[in-house]
Every structure is written in C-alpha cells, then in structure tokens.
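Okay, so subunit A shows up in both of these, paired with subunit B first and subunit C after.
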Partner chain A sequence: MSDHTAETGKSVFTLFNLVAGIIVVMGLILTFLRFTGGLSTVTNLSDYNPWGIWIGFDLLTGVALAAGGYVTSAAVYIFGMKKYHSAVRPAVLTGFLGYALVVLALNYDVGRPWRLPYPFIMQQGTTSLLFEVAACVALYLSVLFLEYSPAALEWLGLKRARNLAIKLTMALTFFGVILSTLHQSSLGALYLIAPSKLHPLWYSTYLPVYFFVSSIIAGISMVLFESTLSHRYFKDKMSRTYLDEHNPVTLGFGKAASYVLAGYFIIKIIGISVDNNWHLLGTGYGVWFLVELLGFVALPCFLYAVGVREKNLLLIRCTAVWTVLGVVLNRLNVSLIAFNYHLPSTERYVPHWMEVGITLFIVTLGVLAFRFIVTRMPIFYEHPDYEDAH
Partner chain B sequence: MSISRRKFLGWIGAAGMTSAVGRKAHAASNKQFTGYAEANAVLHDISLCIGCRKCEDACNKVNDLPPPKASFSDLSVLEASRRTDAYTYTVVNQKQTSGNAKPVFFKNQCNHCLEPACASACFVQAFRKTDTGAVTYDETVCVGCRYCMVACPFEIPAYEYDKALTPRVTKCTMCYPRLIDGKLPGCVEACPAEALSFGKRDDLLALARERIRKFPERYVNHVYGEHEMGGTSWLYLSNVPFDRIGMRMDLGTRPAGELTAGALGAVPIVVGLWPILLGGIYAVSKRKDKIAAEEQAEAVAAALEEANAAADARLTSELEKAEKQKQLAIEKEVQKALEEQAAAAAEKAAGADGTADVDKPEAGDDDSRSSTE
Partner chain C sequence: MGDVFLTLQDFMTFTKGVTYLIMVAALCGIGLFWRFLNARDDD
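This part shows the complex of A and B:
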C-alpha cells in the first residue's frame, strides 16, 4: 500500500489508509461474529423484517449504482457514441467491482451462503423473481469480469488472451444490456408479490419499469460521480485522451441524465394516476413520497438541464451526487422505509450498527480494489502496446 | 464487429431458452387452481375459541419444539399480541373488541394457501403445496434468503436468526407427517372447544356456510380464506369483523403467483426482442458512421479534384501570360532594333544618297511582323 501512496504523492491517502485499515479490521471482526453467532448477533432483522440494509442498500442500491457499466458500454459500442470511449473502462471496472461486492454482501445475508448455487444445480425455482435476479446477476458478473479482463491482461502482458477478450466486446455488450434490463427490473419486481406490505405510493405494477429506468439514471450519475472523484485522486494516471474527453463526457452524460429523469418523472406520475393514489399525497408518507419525487427526481432533472445549457460542469457534478443520493433513497424507501408501513413502530426495522459496519467494510473493500486496479492497470489510459486498437 | 451475427443470436437464443424452460406459464389463461380435489383443510371458528392455549401446547409437543419460557397454562401470555416465530408455529391472541364484551380469541398459523406466496417466491423450490393440503418446507435445499418471509401476506414464516451456520425457515406444516399416518393435526386433536374442525376443504366450506345460515346474528357473513389470496386451506368463521382482529381484508383474491406472472412473462420477450432492437440501433449507428465516412471521402475527392482543376487552369493562364509577355518583350526588342537601324539608316541617308536605302527597312519590317503572328 505504502509504495503507491508515494506514487500518487498525496498526503490524503495516508489518512485514507488509516481509516480504511480501521474499517477493514472492524469488518473482519464483524465477519467473525456473523459466522459464529448468526444474524441475530449482528443484525436487527426479525420475523417481520427479514430483509435489512444488506438487501436494501448492498443489493438493491449496489446493483443500481453499478449500472454505469452497461449504460456506458451500450452508449459507446451499440449507440456508436465513440467520443465517450475513454469512459468505458472506468465504468466497467466500477460495475464489475459493484457486482462483486453485491455478491459478497449476499454471502453475509443468506443463511447458508455455500448453497447460493443451489437454485441452479439442485432445483430451479423459476416462478421466483429472485431466481431471475440470481441467474442474471451471476451471468452479468461473469460478463463484467470478461469486459474488464482486457485491462488486467494488458497489465499482465498476456497478449493473446487479451486480444481474444477484446474480440468478445460486442457480444458481451449485447449480453450485458439484456441481462441488466432483466435483473435491474426484477429487483423492483421482487416486491410485486407483497402489495399488502409495501405502501401503495411505492407499490405499482410498474415497479420493474421504475427500477430499470432509474438504474439508467443511477448508472449515468455514478459515471459522473466516479469520474469526478477519480479526476481528483488519480489525475496522474489519466491519459491526454481521457482528460480531453472528460468535459464532453460530463456534458453528454448530464444531458442524457436530464432526459431520462424527465421520462422517469412522467412515468411516476402515470403510476400515481393509474392507481389513483393522489389522495395519499396528503398523508405523512405522501409528503415523503413528494420529497423523493420532487426533490430527487424533478430537481436534478432541472439542474442537469441548466448545467448542460450553461456548460456549468461543477453544477452537473454536484447534481450527479444528488441524483445518486436520490436513487439510494428510492431503493431504501421501497425496501425498508415504505415496506411494512402497516406495522406499529415497535415492529419496524432500524439497522443495527454492526449491519452498517459490514456495509461500510464492503464498500471500503470496493474502494481499495478500485484504487489497487487503477494505479496499476490501464483504466484511465490506453496501454502503450494497444493504443490504436479499439 | 468480430463475431458473426448468427453466432451471437445463437448465444442469446440459448440464454433465452434456459430462462424460459421449465416455467409453467398459464398467467394469461383463464385457468384457476382451486385446490387438490381431496385436499384437507381446517375450519377455525373464532366464536368458539376459549383461549386455553391447548393447541399451542400440542403443536409444541408434536413438532418437538423447545419448551416455552412461560408454561402453556399461563394465560397471562395472551395479554400481549404475539406472532409465530422460529420456535412457535401457532399462537392464540386475544382482542377486546368493544368495551365490556368478552375478549375474542383467535388462533394464527400458516394458512396453507392453495397457491402459496412462499412457494411462488422460493428460488429453490423449498416449499411445495402437497395434495394433502399441507404446504411443506424442505430444509435440505433452503439457502436462507428469506424471500418467502417477504412474500407471505399472512406474515407466518419465521427464521432461526440465532443459528450461525444452519438456520432454517420454520412454519406450521399442518402436521404433514401425521396426516400421512392418518392422524389429525396436533392442534385440532387437542382443541377442547371444537373451535377447530378438520376435513375436506369443500366439506368445511359447506359446514361454514351452514353455520352462518343457521346463526346469521352470530357470524360475520364471510368465510375468511375461501378466496383470500386465491384461497387457503385454513378457513375462518368469526363473530367479529375480521379486520378488527388484525386479519387483513385488503389482500384481494388473486393468488400471489399472479402478481409476479406479468413481470416473469416479460423475461423471454426481452430476451427475444432486445437483440433485435439493440442490433437495429447498432446497425443504424454503424451505417451512419459508414455513410458519414463515405460522404467525407467523396467530399474530399471532390474538393481535391476542384483544387486540381483550379490549379491547372491557373497554371495554363500563367503560362500563357508568360508566353505573351515574352513575345511582347521580343517584339519590343525587335521594334527597338529596327527603329535604331532605321535611325542609323536615316542618318546615313542624310549623310549621302538616300532613296534606295529608305525602301529597304520598310520591306524588312513587313517580314518580321508576318513571322511573329
């Protein structure tokens, strides 16, 4: 660790390393507690609240925020927006790490993690939306691994394997978009089975569509957010091309995010109208729903548009952070806050600090892995041996 | 693009097949599963329940569950509202529905849906609706994801959160092992007040309606479980409105599987259509690039040609101009020479005999002009 701290030459990383080290040690202790004492030792989960933040945040939000991989590679390879090419590798890497961490988090949450392959090898519960989620996430993790692999293979100097992996790019992109469409929407569809438990303002037969469309928003905003952070901390790793394309990427992605947010806002309104839930907007949950819809959908839609129109990159970047928070809020609303709304407050779920600790541990692992990779492998620049090969 | 379209579509097709095969998709048909013909059921007449907790005791014994903190004869337990948990498959609750009336007692356990939400939600088929009527759970395949608990509208399945490596989901089994042996469920056998009746579901529905018909002033005119969530194998009669004792009346009559059938049905459609849609977008963007490249090449060629032609024309005119200038210079020089000659001759003539000499330069002047033109 210390050697590339010296490489980047930024003192912030020393503090960063210290904090990350503490979190990792804490995470290992909590991991030990989880697998010796069971979920009751480290979580506040109950028979009424079988899913906590490890599902609501780590799985639902994690998968949404890792959508940048499919959104960016689709934009560049399928929609032919080649000017964003330099954004693909960071986005795919973020996606790959995101999904890997989602799967890691699931190992903490499920009762017998070594049985996770059972739905595929023992009995296929194909009537379950969770089967679809599991199948797509497993496949998509493999796809992302292959999409990311050229960077690692270039780093390792394995030319033939790298060229083989590059040949798969188009197939992987297509497959990745299909898988993402399916499981991003299925995560929302998981809740279709529980109309009696999810507040009607969030429950809608359009849930799968909402989750899919908002995953595009999350993906775009995460690419902007991640590139802003990377710009700050890994600028020395970035090629001229990456730096030149950075501002057009910011403007282009900001514009796209604004349009998709507008579409999302419209279909949310349609959802309220179809179920005729207008009267619920006056309740406490209704106000909270409006905070989400106006504050975290309509507002960023407008701010992105202003940012793009006035070429205000700072505004676009801030809006991206705000939008990411909005997606987090939406996933937590569906999975935790508006879920079990009918129960008395004594039966409601509030995460245990150790649950938050494990989540923090997992996110930290992701940041460390990201740093390890971008400081060594050709992510923000093109490997000198392959500069012309797109 | 480095793979052939055919190869690619083949892969996508294979992916589609694996997700489509094995699903019973009758979501769009009018078929409705109304339960196995000879399936068992239990009718719980809430108006007859005396809150003695004998059913809880029997359930605990026949299922070999750990002994409770407070004895089953301790009725003060009823003061707090309880739910099923990992080591309690059934609970009796009481509710004071109006000021001075007797409290109402009612038993709660798995309702053994005709089309169970838990079975629909389980991604490893750990739950099965058997033809005995019981919904069973297979702990040997359960991963412990707890989606069944999210799905169950009656909030029944519980989980062994305290077990680190072997946690199970637990719930009432309708005493499935006892049913196989021809015995009654433990709770039904133990009930001293005949608040629980065991039999074929159709018979019990008839019995319930008969009771309502005979004592219309005693019962609410509703058999809970006849249609709730597509129907359950546990049926309820009550002397107080069901929603007043916490039994939800807003669950609807559609079985849980129907709620997700639409979303699942979209899977093969997405797998089938997305390659076409995305392939189309890809082809259009590729073609746009190609046309742009061609147009660019054409424009470059045209511009080159134009420039060449212009350069040629300029070169020619410049050459011509140069030639003309050269000619003019020659003429001028010739003129000058002739003039000088003429002047010299005139001088000479002025000096001596002049007429013959004056004619000569005139003839020479004519010759030089015709040769240059």
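This part shows the complex of A and C:
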C-alpha cells in the first residue's frame, strides 16, 4: 500500500493519524475485553459506585458539550440572529456526533446493552427520570441527524430529499429545544434521588436548573472551541462568508456566554443560600466548590466580558477552552468527586485505566468522524448548487 | 452562619431573608455588569 494519498499527495502517516490509529486499535481491544469479559474486566465499578467515568464524562459531559446544536439553531432560526448562520452546521454536526457517541458510550456502560430499546417496547416506566432521558436522547439524536442531513444529502446530490429536509428545519429546531430543555435538566434531576450521597454543596433541589443553564454555557463555549480548532486545521475548507462571519460569531457567542455565566453564578449562590450551606464553604470540599464556582464560573464570566469589551478574540477563545474544562469539572464533581463523599477512601471510585482508554477511544472516534465529514461535506461552506438558498 | 434553628419557621425566615437580599444585590449587579459589557459598543 502506498503511504501517499492519490488525491492530495500528503502522507497518510502523519502524527495525528498515527496517534489516532494507536488509540483506535487499543480501543478495539478494550471493546473486545468489555463485551467478552463483562464490566468487571475493564472497570472499577461496584455496588457503591455503579456509575463511573462513562456516565460522568462520556454521558453527562458529552450531552452538555453537545448542547451547541440546539443553542445555535435556536439563536439563528427562533430568535432570528441570521448573522450567526454560518455557525449552525458545524454546531449541529458537533451536537450530532456528541449525542451519537453518548449513545455508543452507553452501550459500554449498561450491563445488558441489547436491552436499551426496552423502555420503548417493553414497559414505559413513565414516572422514571431515566425513561424521560432515554426518550429525549433517542428522539433528539434523530432530530440532530435530520438537522445534519441536508449537508450529507447535498454531498450525495440528492436534491429532492435535501429540499424536504430543509423544509423541516423550523419544526426540528423547536423540537430540539424542547427535547434539550427536558433531558439536559433531567440529567441533573437524576441526582435528586441521592441527597445523602451527594455533598450538600453540590446537591440542591435546583440541580435540574443548574444542569440546563450550564448546558447552554457548555454549548456556546464548545461552538467557540470547535470553531477555533476548525479555523486552524480546516481553513482551506471554509468559504469567504464563513471566514468573514467568524469574528462576529466569536464576539456574539462570547457575550452570550458571559451573560449566561453571570446568571449561573447568581443561581449557584442562591442555591447555597436557600440550603444555608455557608458554613460548609470553610471545609475541604468547600474550598473545592469555591475553586469550581470562582475559578470556572466567575472567572470565565469576567474574562468573556473583558474579551467582548476589548474585542480581544484570543481571550474569548482561550476562555471558551477554560469554560469547557469548567463544565467537565462540574459534571465530574456531581457524578464522581462529590458523590459518595462520606465513604472511606478505600471504597471511593477511581476509574480503571481501561475505562479511561475506552473514553479516549470514543472521543477519538468523534474527532475522526468530524474530520471525515468536514473534509467532504459542505459544513464550512455553501454547496455551489444551494448558495442562494438562504 | 452556623446558626441553630429550633423551628422550620426560623430556618425559612433566615434563609429566605438572606436569599432576598442576595437577589436584590444580584439585580443591581446584573445592571452594572450589563453596562460594563456593553460600554464600548457605543464607540
């Protein structure tokens, strides 16, 4: 086999491809071990800690970071902010891949993954939050697939199907916002069942609100983060329009993120106040809570504001990365770090390296799928046949 | 803040009182923050 692609003349053996290839091979081996040996072979999960990093990171963080799809679609199609239109397709693609990988990760995590469709076909358990999450994630993945499909259909040259999909845009956007509001908050509501396990500083009856509001922050920041990376690695795939709108999108999204972070900071403070948890701030967990609240909520809120005020695009982009890390930290705090806080250290959950390996494998699959799609389909540019379609 | 509350009424009165004060401060703070964020837009 030649080590050069016929089309571009670039070497296949780039550093990125080699690292990604090694991770994929490792992931396939770990996948074999997981599905032949069971959960105990590759995880440190136990009866105390039935939900580990695959739920805390792959699912909770994955769903939050995939929120850019509904946030951007709502801004453009519902609130009429057409100047951000060029951000819709990359955001929807990121959201679609994010949710697809969440569902993939769920197959690793549940004991009997072939029973995942059971909520829909066996018994509905409609009083269960997990039923609502399952229904919303399944429906929203379908919605994101349909929202993304015009790009694929344009690439395939299927004009009639593409035009039909475009006609559904408004309905899909409304449906997407409704479904996202439901399941983003429900993921937080899942932890309402464990008031004695989750540390009081993170446990609050407002958890569903916190998860929903922080998902908006995560979605906006992820769009900024993704556009920064795309700008660096796929600039040759971007149209003039996309490049021209890049800076206004960064400023507009930075301002939105700053406002939402300010609101999120206030409701977090109110959460401490209504439960009268002020005295816990002086403990070890309290300091950790303040690191999250001040370092990953208040600080990015201020940095976004300064970035927008000074029109400092680099500061906004760096803040987006910091904010994404903050959302990851928040979800890990709720699901792992502050969960089972009262247990002795010997009983606490620390992920097995193979769990981390599978998580890395799934993230790598997402990056590879993103690269495959944006290098072939009209994501960063208008397809020549539809340039006047908007 | 490690007050001892003998009744739920005491607890609610105290926490709601503090929360209302925070909300008033937050409303003022949001206004100032809005001005800070948009101050350069008029230039």
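Here is the rule we use: the second predicted complex is superposed on the first by the 377 of 390 C-alpha atoms of A that agree within 3 Å, B and C clash if a C-alpha of one lies under 4 Å from a C-alpha of the other, contacts with A are read in each partner's own complex, and residues count from 1 in each chain.
The working rule: contacts are C-beta pairs under 8 Å (C-beta built on N, C-alpha and C of every residue); 3 or more make two chains touch, one makes a residue touch a chain.
Every value quoted in this text rests on a predicted model; they were computed, and no experiment measured them.
A.B. asks: Touch check for A:H279: first (subunit B), second (subunit C), both, or neither?
C.D. replies: second
A.B. asks: For A:R240, decide between first (touching subunit B), second (touching subunit C), both and neither.
C.D. replies: After superposition on chain A, A:R240 lies in contact with neither partner.
A.B. asks: Who touches more of subunit A, subunit B or subunit C?
C.D. replies: Result: the larger residue contact count on subunit A belongs to B.
A.B. asks: Looking at the overlay, does A:A135 come into contact with subunit B only (first), subunit C only (second), both, or neither?
C.D. replies: first
A.B. asks: Which partner does A:R160 contact after superposing on A: first (subunit B), second (subunit C), both, neither?
C.D. replies: Neither subunit B nor subunit C is touched by A:R160.
A.B. asks: Using the touch definition from the top, say if A:P195 reaches subunit B (first), subunit C (second), both or neither.
C.D. replies: first
A.B. asks: Scan A:R112 for contacts with subunit B and subunit C and give back first, second, both or neither.
C.D. replies: In the superposition, A:R112 touches subunit B alone.
A.B. asks: Scan A:G125 for contacts with subunit B and subunit C and give back first, second, both or neither.
C.D. replies: The first partner, subunit B, only.
A.B. asks: Show which residues of subunit B lie in contact with subunit A when the two form their complex.
C.D. replies: The touching residues are 1-3, 7-8, 11-12, 15, 18-19, 22-24, 83-86, 117, 119-126, 141-147, 149-151, 153, 155, 157-168, 248, 250-252, 256-257, 259-260, 262-264, 266-267, 270-271, 274-275, 278-279, 281-282, 285-286, 288-289.
A.B. asks: What residues on subunit C touch subunit A, complex-wise?
C.D. replies: 1-3, 11, 14-16, 18-19, 22-23, 26, 29-30, 33, 36-37, 39-40
A.B. asks: Please output the residues of subunit A touching subunit B within their complex, sorted ascending.
C.D. replies: Per the touch definition, subunit A meets subunit B at residues 34-41, 43, 45-48, 50-51, 74, 77-80, 109-113, 115-116, 118-119, 122-132, 134-135, 139, 166-171, 174-175, 177-178, 181-182, 185-186, 189-197, 205, 208.
A.B. asks: State the interface residues of subunit A toward subunit C in the complex, per the touch definition above.
C.D. replies: Going by the criterion above, the answer is residues 255, 258-259, 262-263, 266, 269-270, 273-276, 278-279, 305, 308-311.
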